[in-house]
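Which chain is which? They are A, B and C, in the order written, and residues in each are numbered from 1.
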Amino acid sequence: MLFSVLDIIGTVAFAVSGTLTAIEKRMDIFGITIIAIATALGGGTLRDVLIGNTPVTWLKDLQNFYFVIGSVIITVIFRKWLNELRVSLMLFDTIGIGIFTLIGIQKGIMIDLHPLVCILLGTVTACFGGVIRDILCNQVPVVFRKEVYATACIVGGASFYLFQFFSFSQDAVFICTILTIIGIRLLSVYFQWSLPQIKGE
Amino acid sequence: MLFSVLDIIGTVAFAVSGTLTAIEKRMDIFGITIIAIATALGGGTLRDVLIGNTPVTWLKDLQNFYFVIGSVIITVIFRKWLNELRVSLMLFDTIGIGIFTLIGIQKGIMIDLHPLVCILLGTVTACFGGVIRDILCNQVPVVFRKEVYATACIVGGASFYLFQFFSFSQDAVFICTILTIIGIRLLSVYFQWSLPQIKGE
Amino acid sequence: MLFSVLDIIGTVAFAVSGTLTAIEKRMDIFGITIIAIATALGGGTLRDVLIGNTPVTWLKDLQNFYFVIGSVIITVIFRKWLNELRVSLMLFDTIGIGIFTLIGIQKGIMIDLHPLVCILLGTVTACFGGVIRDILCNQVPVVFRKEVYATACIVGGASFYLFQFFSFSQDAVFICTILTIIGIRLLSVYFQWSLPQIKGE
């Protein structure tokens, strides 16, 4: 139950962020919708394709698709107001990557994949919606160049197995994992942490 | 039978349009061939991957692949002449999206997907060859920014279910759907319709 | 045995080339790792997705993943030194495309695909890691514009069937195919061969 609610919050947040990106790129309403779908559902789609979970989740259960369409409509109508809400959006987005990482890990566990692979699948679920959005908008994916974003997913994913090792209840493991990811991300934004850039010659 | 003929026409038209795009980008003959394959077969490939219909159709039946290669050769030889045929190409392309939308819908129906999902699969089949072509050529997909293109597929896909509701014969439903898509597309080009662009702040 | 060793050499070479490309693009350490993974494992991943061999190979057996991570670490540490090794890298890379083409062909043969499709799968395995790397780095894939690269894979793939026709031992067929691809590629670099570019109007 909590799971589904958080899933919807994450989906909506990613859909809103995709919509705002596409508006900036002066796309028409169809382009905006596709970018929003790619941002919100792209990570899970890539994960499903990689593990052979097809038809991919959102084609089998349209709930998330409807939430994306609803988010696009509301975002387009209230776009001027939402641009002032970038901080709240960042919060939603952060909750989103927390829950999406967890969902990705669970999908991997369900088909008995190696823990490291499950963490990778969690990171793919959380981050590759944004990567696909950026590719469709013809820019170098922002996640490759800025901020401790994917790193929060990877560390949070590792913490999932740590929490499980200490045999917390399943719900507690879920919530601690999400809070770890959210915590790392918020601290990194607040203190402007960034990963080292490697200088060439 | 009619179905196969139209499928081939659509494939050839998309292959020709991909070839002309790649020539403009000064690619070598290998790059041109890949772009033509991506344009003509990419939409159906993405659809097959999303629904788990693998190996994807054109790997199991090479007919369409051969038509793409043939189209590339003929287009490269007659490229100066073909550039003056952009209007005929647009017509072929329009027939192509009509039939590709229909094929995509049918593939979805065959595995009992929700009508809305089938319309999406039809649109993916018709439009994403062009999207993949544009990504490989490093430009923002044209379908996101111009013309009533995907919209014709979506409205045409919806009309498919409308025609079926009025229990036409299957063949009549097919032909009416294709004609609806072709009609919307041609009218939109003639009257220069376009979807509203959403202005940012 | 020989097969696995060559597979590892190819994977490492592609990982190193991806790492150097990402450093030039001033990505952070996460971006560099993703680009290296995409370059080394992307071609095989696309092949597996197209033929429905999921979960894709490197999610089931992490060995190649570990070699990629190790290559990234070593390349980042020794990056100044490696840039002077571009010739050795080109050699590794050439061995890589030879063996990756062969692996792709074998995967196709194992599920009874048409020889032409197997050659295509070999070429996809060898070349599309680089294509995905270039798309993620927001540049037109280099393989579409330069050098006899994919062509070596295609001709080498055809030679595989030729060698088999003359009923060499399986090992001899493998080695001759790899040597053919390496030979064509090295000759093309040495003599600066390139495919004809097609001029537009």
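One rule holds for everything that comes next: contacts are C-beta pairs under 8 Å (C-beta built on N, C-alpha and C of every residue); 3 or more make two chains touch, one makes a residue touch a chain.
All values reported here derive from a predicted model rather than from experimental measurement.
K.L.:
What angle, rounded to the nearest 5°, describes the rotation that places the Cα atoms of subunit A on subunit B?
P.N.:
With C-alpha atoms aligned, the rotation comes to 120 degrees.
K.L.:
Specify, for the interface formed by the sequence copies subunit B and subunit C, whether it is same or different in terms of residue numbers shared by both sides, with half as the dividing line.
P.N.:
Both copies touch with mostly different residues.
K.L.:
Using CA atom averages as chain centres, what separation in Å is found between subunit B and subunit C?
P.N.:
That pair's centroid distance is 30 Å.
K.L.:
Identify all positions of subunit A at which a residue touches two or more other chains, and write them in rising order.
P.N.:
Within subunit A, the residues that touch at least two other chains are 49, 52, 54, 135, 138.
K.L.:
For the complex, give me every residue of subunit A touching subunit C.
P.N.:
Residue positions touching the partner: 49-52, 54, 111, 113-114, 116-117, 120-121, 131, 135, 138-141, 143-146, 150-151, 194-201.
K.L.:
Using the touch definition up top, name the residues of subunit A that touch subunit B in the complex.
P.N.:
Contacts found on subunit A: 22-32, 34-35, 45, 49, 52, 54-56, 59-60, 62, 65, 76, 79-80, 83, 135-138.
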